[in-house]
C-alpha cells in the first residue's frame, strides 16, 4: 500500500516536471539579440531621437490581407533640414525594419539591406546613389501569409553641413494585423533556457535515482543522494559527471551537425538561413572540442588515472570538482547567444578581425567569455593532473613503468596547460576589444589580425594532440590486453609520445600557410610538420606489432581499436598533404581539411574513447556491457562514419570550400562546382543520420547494461595495470591510502646503472634517507 | 576542367602513391596479425602472464623499432624535399607580371585591372592609352590583358574576371573589413586578404586552363561568406 | 545542509595521516564534499555575463565606429556573480581554516620524492602563469617591433624647412614611458620636483619598492612562523603583523596604480604652482580610445624651466596611440589583477594569523602563498622596465 | 627542507641581504632612466636598455633563488628544473609570435628556397 502511494507520488512529480518542460520553451527569442540593434538608433545624428522630427508611414491597411503587396510612403517633417535645390544634402534619410513580410525598394532612392530592412541609398561610401537627399521615399511591402507585423522607422533630418553635428532623427513604430505576445528580453530567454536545462537534467537524474531501487524510492532520500553528487570531490564521481557532460554535449554537437547536413544535402538549399548555418557550424565545432571531447577525456582521466597509477585520489580533489563545474558554467555562456538568435558565428577558430567586427553576432562576446571559463577549467585540471602524475604514483612505479594511458594523459595534460594560457590571453584581448574597446585586433588602430591566429594556433595545434593522445593511450591499453601481449616497444611508445609533445609546439604555422604569416615561419613549420609523422608512425607500427605472437580476443573494444588503426592511419596520412605548401594552397579550407580532421577527431579520438568506454565500463559500473549490441554499434558506426567522411576528401579535391552556407553545381546556364558534388553531399547527409543513430545504440547499451548487465569481476579482460586490482566498481578511496599497492615486476632486472637522464634526475632529487627500493 | 593546378596534381600523385603504399602495408599487417594471432577458441590465453599490479615482461626489438623510425624518416625527408621544390614557383614575385588588385569586402569581390591605380608615375605608354580604366586593360601592344564584367550565377550577379592564357599575373590582395581569401579553383591557389596589409599571389594560367572556373571565399567572413563568389575566365 | 565547514570539530579527534582538509579525511573514507566548486564556477559565469552586459559597445553604422558605453543599470548580474563567487571562496577557505599541518601529504617517487604535494602543485601553477605572461609579452614584443615609434616617426617626417608631413591619426607607438619616465620633459605643466626623476615616475617607482618590501615581509612572516623558539602569542602577533604589512603594501601598490592611471596628484600648492605635480595617464590622454592624440614635439619654453608654454608652431601632429595604450593597460592590468588576487588571499591569511592559525607545523602554507607572491614581484621586475622605463 | 632562516650570505641574513640587493638594483634602474633625460645625449638609449636588461636579470635571479628558495634547500635543484621547464616553450612563443611579422609569401628569403642550394 505504502509502496504504491510512493509510486503515485513519484509519477506526480514526474508529470509536473514534464509539464514544466513543455512550458519552458514558450518564451520567445528576442529578434535583435542581446543588445537590441534598433534601440541604438541613428546615434550619429544625435544620441536620442528628437520629438521635432516627425516621421510618417502611409499606405498601411487597417485590415491586413495575407500575402498582398502594399506600397508604403515614407515622409518626415521638422528638424534642421530645409529645401534647397543648391544643397540637396540638406534633407535626410531613413531606415525601416519590419518583423515579418518582405520589403522591396521601388526606385534607386531605396536599397535593401542584408537583414531585410530597407534604407536610403548613399549610405555606402562606394555608393553614389542620391537617396540620402530626399524627404520622401516609396517602398513595397509584401504581407506575411499569417499574422501581423511590426514596423520600426528611423528618419534623419540633416542640416546639410556634411557633418553629424546639428542633425536630428526621429522614430516611429507601427503595428499592423494581429500581434504576437510581447517578446521576451534576452535575459528572460536565458533564464528560461537555464530553467529548461535544469528541469530536463533533474528529471533524468530523478529517473536514474528512481530506477536504482524503485521499491525503496523516497523523496527524502533523493536530495542527500543528489547533493552528494554535485558537491562530490571524489575522482570517480567527478569522472562520472564529466562523462555525462561529455556524452550530453556529444549529442548536442551531433544534432547541430545533422541540422546543417540537411542544409547541405542538396545544392542551393535554404533550409537554414545563413545566420543560423553560421551559428550552427560554430557551435558544432566549439561543442565537440570543448564540451564533448575534452570533458570525455577528462572523464576518462578522472576515472582511470588515480586507479591506474595506484593513488587514492587526485592530488587536489576540490580543484578537480571546480575544473568540472566550470564546464557547464561555460556551456551556459557559450550557448546563451544561440537562445537569443544571436549565437557566435565566428567558427570555432574565431578568427580576428571578424570576431571583433560589428558584423559578428553579439553572442560572440558571450562565446568568448565562455571560452575563458573553459581555459580556466583546463588550466586547473592541468595543474591537478600534472601534480598527481609527478607525486602520487604508487611505490615502485618509476616513470618508465607507468601504464601507457597514464603516460598519454601526462603528455596531453602537459601540452594542454603549457599551451592554453596563450589562448586565454588571446580571448581576454578579444573580450576587452568587444567590451571596453581596446584595440588589439582593431585594424584601424594598427591591430594585427594574425596575432590572434598565432595565439590561437599556438594553443590550437597542441590542443589537437591533447585530445588525440589519450585516445592513443586507450588503444595501447586495449590492444595490449586484448592481444594478451605486452605492448610492443614500451619505451619507444613513451619517447614517441614525448616527441609528439615537443614537436607539437613548433608546427602550428601549417594552419596559416595562406594567411600572410611571416614567410620564414611558413617555411620552418613546413619542415617541422612533416617531422610529426615519424613518432606517429612509430606508434602505429608498434601497435600492429603488439598483436604478433599474441592471442587476440575479439571484443567490442578490440574491434573499435582495430577500427581506430584503420581510420587513424587514413587521417594521419591525409595530414601529410598539408605541410606540402603547393598542395595546401589548394586544399586549405576545403572539405579535404574537414575530412582530414574528422578522420583524426572521430576516427581517432571518438573511436578511441568508444573503445575505452567498452573497456572500462565494467570497472566503473561493476556490470559488463552487452557484446552483441556493442558489435552492432561498431558495425553501423564504423561503416556510416566512413560513408560520411571518405567522400569529403573527394569534395575537397574538387574544391568545395568548408563553412559555406550552400553550394551550386554546374548547369547549362551557369558555371559552378561539378554536378557529382550534389550526389556526394546527399550520401554524406544520409550517412550522418545513420552515424547519429548508431550512437544512440551506444547510449542504449550503456543504460541497459548499467542497469541489468552481468556482474563484472575485478579484472574482466585480464589487464595488468593497477585499476584491475580493486573491485568493480572501485571502493572509495580508490586505493587504500594506508596500504598503497606496490608495483611488482614480472622480470627482475639486474642493478643496471641509471642512464644519463636517470643520473641527472638522481642528482636533482632530494637524497634518499630511507629504503633504497625506488626505481630509477 | 578539374580543380587544382599543375603543381598540385604533380605532388598529389606522388603523395597518393606513397600514401597507398603505407596504407597497404598497415592494412595487410593489421589483417594478417589480427587474424593469424587471434584466440582461435575465443578463450583467454594469457600469453605474457598478465597479473594485476605486476609490470609485465618486456616485449621489444630495438632493430625493428629503429627500422620503423628510420625508414619513415627517410620517406619524410624525401617527401619534404619533393614538397619544397615547387616553393620557388608558388612563392616568387614576377617583376613582369600584370598586376590586378583584388579587394575583399563583406561580401563581394572587387577587382581592378589598372595596375597603376595607386601610383602617380605610371609609364608614359600607359598613361597615353585611351582605354585605360579599372575594368579593362590593354598592354603596350594593344593586346587585351585583363577585363572585368559581370555574370549571372544562380540568379545573382557576380563579377567576372577575364585573363589571358600564358600571361603572368600578380594579384595584389587586400581587404576592406575582415579576412577573406580568394580561392582560384582551377589554379589550386589561394591566399588570405587581410585588412591593413597587402598579400600577393602570382600565377600564369596555361593554355590548358582556358575556360571558366569559380573563385570562392575560403576564409570565413560572416553571413554571406558562402555567396562571395566570382568567375574567372581564361581566354586565348 | 551545512555549507562547507564540514564539521571542524571532527578534525580534532580524527587521526589520519591523510592530508589537509582539501583532501581526504582519514579512516579510509571518502574525500570531503564541497559546495565551493559549483558556487565558484557558476559565480564566475554570472560575473562574465554581467561584465559583457555592463560593457557593451554598439556599432554606429553611419559613422563606421563603435560607441562605447557603460550600462550601469545592468550591474546587478555582475555583482550577483561576484557575490556567489565570493561565497564559494569563503566556503573553500572555511574548509581549510582548521588545517594544522598534521596531514600534509608528501610526494612519492621520482622526481619530487618527499616534497609536499601542495608545493609541487603551486610550482605547476606558476608554470602556467609563466605562459600567461609570456603570451602578454609576446603580444607586446610583436606590436612594439611592428610599430613605428611616434617620436622617431615625427623626426623622420620633418622635411627641410621644418614642415611636418604626416597624415592626421597615423598609427604609431607612443610608449607609456613617454608619459611616465620622460614625462617631466614632454608633458605640458609637468614637473620634476625630486630633481633627478619626473614626478610622473613616482607612483611606479614607489610601487616597485613596495613590491620588493612586501616580498621581504612575506619571507619574514614565513621565517617567524617557523620559529619554534617563540611563544605562541608572540609568534601569532608577529606573523600577523608581517602579513598585515604585506597586505598594506599590496594595497598601496594598487592605490598608486589607480592614482597613476586615473587620478594623478598635486602637492605643495602655491598659487598656480605645485611642488609635486603629476597628471594621471588618462588626463594625459594616454587611453585606449585615444585615436587622435595631439603630440607636441617641442614645447615653447617661455614659462620657465618647469613650465611649458604652447606647442611651437609646426611641431605638433595627430597620432593614433590606442595600441600602445591597450598593450600597456592590459599587461599592467593583468599584473594588477594578480596583485589583487594576492590581496584577497592575504586578507584570509591575516585573519587566520591573528587567530593563531600559523604554527611551525603549517607555516609552509605561508611559503606556498609566498611563492605566488614572489612570482608576481618577478613579473613586475619585467613589466616595470618594459612598460614604465623603456 | 625548511631550515631557510639559518643560511647567511656574507654574514648577513640571506633574506635581508637579498632584500637590500634588490632595493639597490631597483634604485640603479630608476637612476639609469633618470639619467637618460637629465643627461640627454650623453647616455645612449642602448646603454639604458642594456642596463635595464642586466638589472632585470640580477633582480629576477635574486627573487627566484633566495625568496623562492631555489637555492640552498634540499629540494632546490629539482624545483629549479621545474621552474626552467617552460623555457623552451616560452622561447618558441617569443620567437614565433613576438618576433615574426606578417608579409607576402614572395618575400621568402633565398636561403629558404631550393634554388639557393643549387
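Letters A, B, C and D mark the chains in the order given here, with residues in each chain numbered from 1 onward.
As a convention for this text, contacts are C-beta pairs under 8 Å (C-beta built on N, C-alpha and C of every residue); 3 or more make two chains touch, one makes a residue touch a chain.
Note that the structure is a prediction, hence the values are computed from the model and not measured.
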Winner on C-beta contact pairs when B-D is weighed against C-D: C-D
Inter-centroid spacing, chain C versus chain B (mean Cα positions, whole Å): 46
Chain C-chain D separation of Cα centroids, rounded to whole Å: 20
Distance between the centres, which are taken as Cα means, of chain C and chain A, whole angstrom: 32
Contacts with 2+ other chains: residues of chain D: 1, 75, 78, 81, 86, 89, 93, 97, 100-102, 104-108, 112
Residue numbers of chain B (touch at least two other chains): 84, 87, 90-91, 191, 194, 197, 199
Where chain C touches two or more other chains, by residue: 111-112, 115, 120, 124, 127, 131, 134-135, 138-139, 142, 146
Topology of the chain contact graph, where touching chains are joined (line, ring, star, complete, other): other
In the complex, chain B residues that touch chain D: 84-85, 87-88, 90-93, 191, 194, 197-202
Complex contact set, residues of chain B against chain A: 3-5, 7-8, 11-12, 15, 19, 22-23, 26-27, 29-30, 33-34, 37-39, 42, 44-61, 64-65, 68-69, 72-73, 76, 79-80, 82-84, 86-87, 89-91, 106, 151-154, 177-179, 181, 183, 185, 188-192, 194-197, 199, 212-214, 216-227, 231
Footprint of chain A on chain C - complex, ascending: 1, 16-18, 22-24, 28-38, 40-42, 44-45, 48-49, 51-53, 55-63, 66-68, 92, 95, 105-115, 117, 120-121, 124-125, 127-129, 131-132, 134-136, 138-139, 142-143, 146-147, 171, 288-289, 291, 320, 322-323, 326-327, 329-330, 334
Residue ranges of chain A in contact with chain C within the complex: 34-35, 37, 40, 42-45, 123, 164, 190, 227-228, 230-234, 312-313, 315-319, 321-322, 324-326, 328-330, 332-333, 336, 358, 362, 365-366, 369-370, 372-373, 376, 379, 382-384, 386-387, 390-395, 397-399, 417-422, 424-426, 428-429, 431-432, 434-440, 442, 444-448, 451, 455, 732-733, 736-738, 761, 764-766, 768, 774-776
Chain B contact footprint on chain A (complex, rising order): 114, 268, 274-275, 277-278, 310, 345-347, 351-354, 357, 359-360, 401, 443-444, 446-447, 449-450, 481, 483-492, 514-516, 519, 523, 526-527, 530-531, 533-534, 537-538, 540-542, 544-554, 562, 565-566, 569-570, 573-574, 576-577, 579-583, 585-586, 588-590, 653-655, 657, 659-664, 669-673, 714-715, 718-722, 724-725, 741-747
